[in-house]
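Presented below is the structure to which this report refers.
The first chain written gets the first letter, and so on, giving A, B, C, D and E; residue counts start at 1 in each chain.
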Amino acid sequence: MAHAQTNRALMAGYKAYVAAFFIFLAAPLIAAGSFAFNDSLFPALPWQGFTLDWFFNDTEPKLGMFHDRRLLSGLYYSFVIAVMVAALSVAVGTTNAFLFVRREFPFKTFFYIVMIVPLVIPGVILGISILVLASNVANAVYDRFGVEISLLRPGIFLVVLGQFSFITTITSLVITARLKKFDLSLEEAAFNLGASRARVLWTITLPYLRPAMIASAIVAFLVSFENFNTTLFLVGSESPLTITMYDRMAKVGSTPVLNAVSFVLMVGSGLLALVSVAVQRPDPSGQ
Amino acid sequence: MTRDAKRLSLILLFAPFALWILLLIVLPHIGMVALSLREKVAPRVYEFGFGNYIDFLNEPIYWNTLLRTASMSLLVTALALLIGFPIAYYIAKIAGRRARGALFLMCLIPLWVSDLIRAFGWILLLRQTGVISSLLVWSGMTDEGIEFLYNDAAVIVGLVYTVILFMIVPLVSTLDGMGDDMIEAGYNLGGGHLTVLRRIIIPYAMPGIVAGCIVTFMLTAGSYLTPILLGGKNSSWFTEQIYNQFITRFNWESGAAFGFLLLAFTSITVWLGLRLSGQSLANTVART
Amino acid sequence: AVSGSAETLRLLTWGSYAPDELIQKFEERYPDIDVEVTYSNNEEMIAKLRATGGAGFDLAQPSHDRIYAAQLEYGIYKPLDLSQIDTHVMSPVHLEAVKTNATLDGKVYAVPHQWGTTGLMADITKAPDVKGWDDLCDPAYTGKTSMRLRRTILLGTAFAMGEDPFAAYSDLDKYQDLLDRVADKLIACKQVIKAYWQGGDDLSAMMLSGEIVASETWDSTAYKLYDQNQNIVFIPPETGALTWIDTFAIPAKGEADDAAYKWINFVLEPENVTIMSGSTGAIAAVKGGADLLPDDKKAAVKASFTEADIENLKFFANIPPGVEDMEGKTLEKIKAATGG
Amino acid sequence: MTTDDAFDLECLGICKDFGAFRAVDDVSFRIPSGTFFSILGPSGCGKTTLMRMIAGFETPTQGDILLKGRSVLSVPPNRRNVKMVFQHLALFPMMDVYENIAYGLRCAGAGKDEIAGRVADVLTRVALPDLARRQIHQLSGGQKQRIAIARCMALNPDVLLLDEPLGALDLKLREAMKIELKLLQHQFDTTFVYITHDQSEALVMSDYVAVMNAGRFEQVGRPEELYHAPKTAFVAGFVGDSNRWSGRALEVRADGIKVETEAGLTVVATAFGDGAISASDAVEVFVRPEFIAATRPGPDAAAPGRNTHSGTVDSVLFNGASSRVLVRSPGGTLIEADIVVTGGGSDLREGDPVRLDWPSAQTMCFAAGGVR
Amino acid sequence: MTTDDAFDLECLGICKDFGAFRAVDDVSFRIPSGTFFSILGPSGCGKTTLMRMIAGFETPTQGDILLKGRSVLSVPPNRRNVKMVFQHLALFPMMDVYENIAYGLRCAGAGKDEIAGRVADVLTRVALPDLARRQIHQLSGGQKQRIAIARCMALNPDVLLLDEPLGALDLKLREAMKIELKLLQHQFDTTFVYITHDQSEALVMSDYVAVMNAGRFEQVGRPEELYHAPKTAFVAGFVGDSNRWSGRALEVRADGIKVETEAGLTVVATAFGDGAISASDAVEVFVRPEFIAATRPGPDAAAPGRNTHSGTVDSVLFNGASSRVLVRSPGGTLIEADIVVTGGGSDLREGDPVRLDWPSAQTMCFAAGGVR
């Protein structure tokens, strides 16, 4: 049974490769996470012993993340921004799904491609182009009317818009895919049973879309949370966490508190990821 | 539904889409192009002109950096495909039902932390006194620590790491759609492993491959943190130039020109790729 | 600014220029003011304020050489009301220096806060003979030195070549010529250095781990490392440490001027100066600033500076319009050159 | 059946155009109360379109639809008292059985207790009283079927429309459900309009069957009528299996029409349908396999009123009680006849000579050139 | 059939375990060259698993597989000269028809001209000579079917395996393809191993049928044998329609076994299968509807060797030549019998009293407690 043996050897090699790949994926995260527990002022070897100070200690120089006002406020802003982005992009993603799945209109294919484009525009460029436009508009309004539209100045609003501009493509694609699988006869059946249009939407179509909406909201939330390139140009004085951490790293000097934040983020995102898998689990009823 | 109601609802559905695309994509890009066509002649005095683009062409540093960015991005894309394809295949076709979900989730793990933390992790691993080098010294394979950081290889490792899941995800979803019977038919009709791979699996996965390559390429070319943080003294990246123009040289006009050039250049590359592979954007990225 | 309701003071400043301890103290004194801090650097401060047209922040702290041109081009600051600032506590030398640099149309746009120098740092056990900027390019230290690829190193190298770059500002052609020669030198130097550092962080890591033995540095970073390892000392270059004064400036569309002035006066109070310097590692531009340093920093400064060094300080000169761009290009050229 | 409302459903001259294409063409029929009425036709003939017009999802281009004697053209679909069982059932996967059935009652604004009562009642009537809290995906195919019907019946519809509801089931289940559906209709005593392209479904279940082709009704009648007295060649070919030959009338005689088929077989046939046939007209001839007796050649001569041919067994298609033999006539025509295969020595085998014999009364002859 | 290589395919004591579950259990058979061999069994009985072992995609836990007399256990799937038509055909969607057929030839290293010739040849043999450059999605279901077969036949396989290839087709097409497949097998004169759970497919097409149940072969034989002389109750129930009653043997007599069914019907039956039956054993009795004559009650008494019962027509299931009547016996048992419905006055109708009568020789009796 020579072929069975070579097959087995090949398969073992293949599995080893897969295992190596996942080690590769996990390594930097494990490194970033584990230095959070190093009892040292620098996130570097040698190992100085285990500590939880970088999470809970309340005094300098080892100020733990849960006592670090700036990190906490970064976390807060990240959260606020991510929630807004998720809500907005899921809403627009849903209308886009209905638009492209249910409607016929001229140049539909063209518009569909246009919908995908934001995903492949480099984030830096999205950021600066929105920044340029917003500042030009704000400057023009200020010059002409003497009114300062602070919403158009770098700040949370622009960050939300900037992230929304490409995350909406992701949510649209996810929700569109689900709506495409929707069996129209379910709606017709509901009609036939006497429901009004609004009731059909509310009791049949939206519940059907719910898993996709939740999953895409989670993806939107996470992508927003980790976004750097677009945010960098649009951020004002309320910096989200990635920017705070970057500033800390590049301008202040990193301590294992950054590793502690990383660790917490990993745990949080991991949990969210599990939730999203749970809601997206192909329900056996799915048509 | 009456005609009018139909029209109205179409308009209502179209409005958010139109506002989004117009206000956040089209107008900003037009604004950027317009800005890039302004030449600074004196403080607060500007003129229309192509000066910023001419500067770009006249300065080999700029276009060298752009070419370097593009070619390294292509390399990263190719590596991501080579490394990612077997993984995607394993997840979609070989792993059992249960393992599949778990592995897929594990692939997404890097996505759940930011670029910054990923780069940070790599720095901790790769630096001369970092984990890998220390392990080598400890195991006696070298006497002195080896610097793995601050070179192009580190940048490529970091970038491949960052983008590979955008390669794997579309690959898994196309390969998932391919019935096992298709592959078995390939063997049954006499094909060896290579033939089946080359003639059946790869052509079938083509939309996923192209989608993955586009996203990977664009993300790489547009990345900022990883090349900055892991790159060495010679590694310039085009987004860094753009950043420098905007932030350290306050030269928005040429920054905008650079931005437009990056977008145009990467778009042309993608377009060429689509032409060569005979795919279209709609049937690739949209399917994933 | 409206008093009564809580207002926010949005600081745009350097990392460590707003230690939590001081912020808490300030907020205790002025309960209706919330302080929000954005860490930045000179370039980003100007870029941010340019993007906002001077809005979004209530107090910025660019270095003294970064006021004039930025104001001329973008009008991002508003004139200061010196009557609201306790200028009498400031050290007259620094105050005058800043005023000269930051006056346009008779209006003053900045007052000094902290000063410090950029120079060299070395582990004296491993690199005992680092004296001047060009020693970073000494082949003996191949792979063991670092610098920051920003304008400071251009200036330092020019001084090391026996030139005075600030003098050359008046004739930009001459300055370009100088920059070209500096570039050649620094391109050749690429073979020696290990990496360009980006911020205090990677520099500290490389230095402490011993990956490098000498580098260009901000003195404050060097003092911090001195705390960790007494072999690492700040070395003012023979040609003189480059001296900067970080200032207070109020953005054109700042919305909390009162609070900004309160903050300025607050951090100039002696006990607060000590806290501030403890965090920044730099010396406050107040009378007797050096004496208000915390003890460890005092020791570090002592270990680094002789009287002669202090005599030899080179203040950054105002950057005239255009120079920024020339320097930027030169830096790009160096970065792109495939030398080492 | 004289007053108008003795008819649950009437369609009067219904047409439906999709652009230039006419999907339903001048269809009229009336269905008496309590009838099991089937519409039988090949794929694409317009069955679903007709049904969707009745349900209100499409508007007829022409014609009128009456429910219990009242035109419903201007009534929106959610207000018509016609309920529909969809081809893939369209049970709501996000609701359990109870909620599926309750849905329509809720839409009608029924109270909580009333809903509970009605759901329990209708579940009992479809013989699934214990399934209220099951999830849809936990049901078997046949159970789903019954729940889909229950969901509609809970609303006491005037008419229940069923669009090929057995299409998605597997063979054995389909057989079982055929009988079950008929029993359910008895049980609810409601008018069922049943769409199918499977003639055996239509024949087994229906009181009346309408055979539809290319948008038109070809014939409406009881199953036996359609089978034994088709009015058109299409109906003869579509309902039941047949040997079908094209040919030409040689002679019109008192005892039947003498026809020569294209392959040269001469048979005596009986005129069916409306078109009169004269000598030399092109005709289509149909003979059902079960009327053809295939026997070993014997001495007895041709009987009057019968067609007798000899041939050779080409192959035996054994299928238990429905076994067939394919016989090749000297002219090369393949003729299919029912046979009994016992597995014994007397069975016909490939290559055996054989005599075929069938009554000319069962040889249906239609003027050619009719539809299809 | 004495030399080994007269058998295209032999399986010897094949077993396949998935973990603790035995999917295929000690299956042995040999297929003579040029035979149409079917494996018939309910869903999940192990048919696909068996076929995959023959094709080489699974390795048997035990046993040997021989092709043309040579063990192929150590031959990888792409070197076995067994080709397979998959349930969903698995045509390559990214290639056109020509490329699909050429694929295997290219793998075998054939030259350009040879490929072109072979593809053209095999396309002609499946009667689709003009389709070479069609894309797969442009083909109809039946055409796809034939291309899938052509793709395999181009390689001159020793054995062609077909795994429920008609499963995805619609009813009419399935009927047509049944006959076509048999003709194609004649045409290529290759051994076909055909998997199905549809007994009528297996009966109509096959030379030999193996009935599989729960991983084992219950019986292998010609279709008529299976139908008329089933060896197990499972085969009797699975192959062809039957009335099926559980009961108890009252008395074992010379002329048969007297059985009382659970519902109280007394019949005289004939012992089938291997298990011996003694009085008071539990038994299963099967009677095929076509052996039951349903007539209006007349004066003639019960004939010897026949079972005679009276009852009432419960319903008539008109289905042309396959019409049935459901008769309710006094004890309440529903008995299905074939009848002829002519539409005339002599037809049986609901409620008519009726006499049922069938030979005890056709009343198959099995000892109960066998498989299923």
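As a working rule, a contact is a pair of C-beta atoms (placed from the backbone, for glycine too) under 8 Å apart; a residue touches a chain by one contact, two chains touch by 3 or more.
These numbers come from a predicted model, not from an experiment.
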Keeping to the contact definition above, tell me which chains border both chain B and chain C. A
Note: of the two pairs A-B and B-E, more contacts are counted for A-B
Reference chain D; chain at largest CA-centroid distance: C
Taking each chain's centre as the mean position of its Cα atoms, how many Å separate chain A from chain D? 56
Please report how many Å separate the Cα centroid of chain B from that of chain D, as a whole number. 59
If I count partner chains per residue in chain B, which residues reach a count of at least 2? 127, 129, 246, 252
Multi-chain contacts in chain A, i.e. residues touching at least two other chains, fall at 44, 233, 249, 254
Can you name the residues of chain B that touch chain E in the complex? 179, 181-182, 184-192, 195, 199-200, 203-204, 206
Chain E contacts chain B in the complex at 55-57, 76-79, 82-84, 86-88, 90, 92-95, 103-104, 106-108, 151-152, 155
Give every residue of chain B touching chain A within the complex, in rising order. 10, 13-14, 16-17, 20-21, 24-25, 27-29, 31-32, 35, 83, 86-87, 90, 94, 101, 103, 105-118, 120-122, 124-125, 127, 129-131, 134, 161, 214-215, 218-219, 221-225, 239, 242-243, 246, 252, 255-256, 259, 262-263, 266, 270, 281-282, 285-286, 288
In the complex, chain C touches chain B at residues 43-44, 46-47, 50, 70, 72-74, 143, 149-150, 190, 193-196, 198, 202, 205, 209-211, 321, 324-325, 328-329, 332-333, 335-340
Contact footprint of chain A on chain C as seen in their complex: 10, 12, 14-16, 20-21, 23, 36-41, 48, 51-53, 55-57, 198-201, 204-205, 208-209, 221, 224, 228, 253
